[in-house]
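In the two complexes below, chain A is the common chain; its partner is chain B in one and chain C in the other.
Moving on to the complex of A and B:
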């Protein structure tokens, strides 16, 4: 078997074994009601495929993506400026240090006091949380550009604009993408918290929490699987985008 | 390494340019950030002035928050909540790290096992595992156990990645050497554990901030006790000053934890000291 085939079949086989053992354990012992076998999870998920769940998936995805896009739109330029302009870095340093370490989610009850139980409070929360990892990665990426690249570009007569577009941007893209991937993962986590704590009228967080209140395990499992699928889908989309973009340098993107 | 990035920038781009390495340029000791201190002072002063001007209890002034901080420190409620939050985080972290150490070590014993499981580990990275929390509350009760279980799971995955990476750094030659000198199973494993330490600590740098977030979220969702509950309680009673006092305390604890892990990191891999900012 060739290496590329092995790369896919081995993890797949491991997955089958894990789920198989789990299913088998469910046959041998009687699981308590809240512990589903993979078969039961799949059945609950299929049963949940209706317009109502669809709108919950849509609401959650839109919230996560909105917060994440705001965070990215602010973090990338600010991090670039901070990495290049020394005084800006020094001014931002204590603020970034404090808010990076702070569990931002603890601000949610305050945001709710200020903005009400609204999507502005929830999306602000998501954006604030996703901002910091994206900022940190972008900052490190711009700082880490090999100065040799810029010297070469200057030597062949590249203008300032050309150097930025054709050297700085592609060189920083892998790190920026790594930060963005973490930002997406964090956005989804915070979306769940913001939907539950922020009393969202819709979304998967609501769906799971309602399932919890009614002890409807099918609904809880269906919601969890949907959340996982959104996470995997968004991540796959990002990875496809990275692969499609031409002229990006560096293979060292953390997995 | 003959060149080191200098503060001077390459003409026109603002990107740091190269300069010949001298001892003076080694970033062994960072200069004190006067500008940053000034920025913090200005920010705090602005906060105080604007809040006093606004005179709205929804936007508490700096002095009101400091007062609330002091009050909740003196009546013991803040310290008690912090203790509960940190204890849950620590127990969950230890469980997650222990499980990762064992499984990561076993994974590294065979290339087939590593090739089969490593993609699955990175595959679960984008899945928001927090969504499982209500289910865990059903299974383990609304006490600390569900939060601890979730923390353990959140800590487990980044740690497993690091442990497996660290364990595979012990090459076959070292293993042969160890058996040739007649090291027992316990002695061999102790050596492997020492070889893995830098990777484990590197994994902790990712895991520790996550742990704090997860515990606070669980307390926000289920209430009961802890810092997350304290913030939620203050918010629902429209006491933003008290809520902000807890948020500030969490920020301070977060910074302290990060410094602690960073110090641990520098101790275990001193060669990376000059590369980390």
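Moving on to the complex of A and C:
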């Protein structure tokens, strides 16, 4: 069997075994109504495939992606400048230190006071939360560039442009990607919280919350699976980008 | 010629390729000043193959970095015929002690990039890159990524990249340390060929006294803490170089002189060390 086949079959086999045991346990003991077997979850998920759920998935994905993109667009350049320019680092340091450990979700009520129960408030919430991991990784990445690379660049007489595009950017790429992937995960987590606490009229958070209020377990399970699928999809998208130039991402990103 | 068969090399008519004058280097570490180099002066004639030996931590890399403009001396100057060295340039090529190939490119792209930065066209750069990789014995590995190569192969690819600059001075910091004996001999002979073909001035740092004496027209031994020149030797060995030379009396004499100098330093630094232990090291080294 080839390596690539093994890579897929092993985790798949593990999945089948775990789900099989879980399903079996559901047969042997009678689970309470809120505890589903894999079969029931699958059934609930299939049953939920309608335009209404589709629009919830779309709304949630758009919020998560919007917040994530804003966070990335701000974090990457700001971290680069902070890592390269000492005074900027000194100015930013206390704020980063203060906000990094703060549970960002605690800002949501404040944001709602400012911006109302709106998507502005929710997306700001997501962006602020995703900003920090991306910033911290990017900062460490730029700081950690092998000084030997920069020496080589000056030895071969690279221009500023060549130095930045061909040395600095690829050198930080693995760390930037690690930060971005964590940023995506955080965005999704916070999207749920922002939809529920932020009283979103739509989205998966709303769907799950409604299911909770109505004791509709099918709807809750379906929403959770959808959330997982969005996360999986976004992460796969990122990893697809890293496939294209194997040397660039080194061993920093598990394939 | 009778032993000791060496002369000081400063009496040369060749123009000077690199002049190091009263260079010192002091680092700040944990609030203390640590002097890595005591005043060092060296005049390296054009086309000379200079080897530098010395114990670990004695300042060999520091001196080489300063020669290449990668580090600034605390006091003193480095000059070339073109003027003082104020920063790195393509004219002084460096092969660093640690691997510095860019892992995001294939080996041939790494070398080609160095050429592209010097204004060579894309196709010509790739062509020349392959020739150079062939020269250092990496034919067939052009499209490999650096992390798919062994340490010694990476070091040879880095050498190819530096050779692509066609520098007038080539600085090499323990470039063959990771190579097996045969490959190392091949690389040594290749280096001598390159030097003869291009007239490149070479400063070559190594731990290996045998290598230093074999390669060097001139051997400088540094003593440590702070680094200063303990020995400056230009043995009159039969040329052209082949490994046959290692059996000549002149080679053995020069080897013994350098070894004695380094052994003296080692025992001076560690007063508790017995002569017998030093002698055992001697045998270990020449075995």
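Convention: the second predicted complex is superposed on the first by the 244 of 255 C-alpha atoms of A that agree within 3 Å, B and C clash if a C-alpha of one lies under 4 Å from a C-alpha of the other, contacts with A are read in each partner's own complex, and residues count from 1 in each chain.
In this text, contacts are C-beta pairs under 8 Å (C-beta built on N, C-alpha and C of every residue); 3 or more make two chains touch, one makes a residue touch a chain.
As the structure is a computational prediction, the values presented were derived from the model and not from experiment.
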| item | value |
| --- | --- |
| Chain B versus chain C as contact partner of A:108, first or second or both or neither | first |
| First, second, both or neither for A:166, with chain B first and chain C second | second |
| Residue contacts with chain A in the superposition, chain B compared against chain C | B |
| Which superposed partner A:201 touches (first chain B, second chain C, both, neither) | neither |
| Touching partner for A:152 - first (chain B), second (chain C), both, neither | second |
| Contacts of A:51 with chain B and chain C, given as first, second, both or neither | neither |
| Set intersection of chain A contacts, chain C complex versus chain B complex | 148, 151, 154 |
| Of all residues in chain B, those that touch chain A in their complex | 3, 5, 7, 9-18, 33, 35-37, 39-40, 43, 58, 112, 115-120, 122-123, 125-128, 130-132, 134-135, 137-139, 209, 212-213, 216-217, 220-221, 227-228, 231-232, 234-236, 238, 240, 243-244, 246-247, 250-251, 254-255, 257-258, 277 |
| Residues of chain A defined as touching chain C within the complex | 146, 148-149, 151-152, 154-159, 162, 166-167, 170-171, 173, 245-248, 250-251 |
| Footprint of chain B on chain A - complex, ascending | 6-7, 10-11, 13-15, 32, 34-35, 84-87, 90-95, 97-110, 112-114, 142-143, 145, 147-148, 150-151, 154, 160, 163-164, 168, 181, 184-185, 188-189, 191-193, 196-197, 204-205, 208-209, 211-212, 215, 217, 220-221, 223-224, 227-228, 231-232, 234-235, 255 |
| Interface residues, chain C side, partner chain A - complex | 68, 70, 87-90, 92-94, 96, 98-100, 102-106, 113-114, 117-118, 145-147, 161-162, 165 |
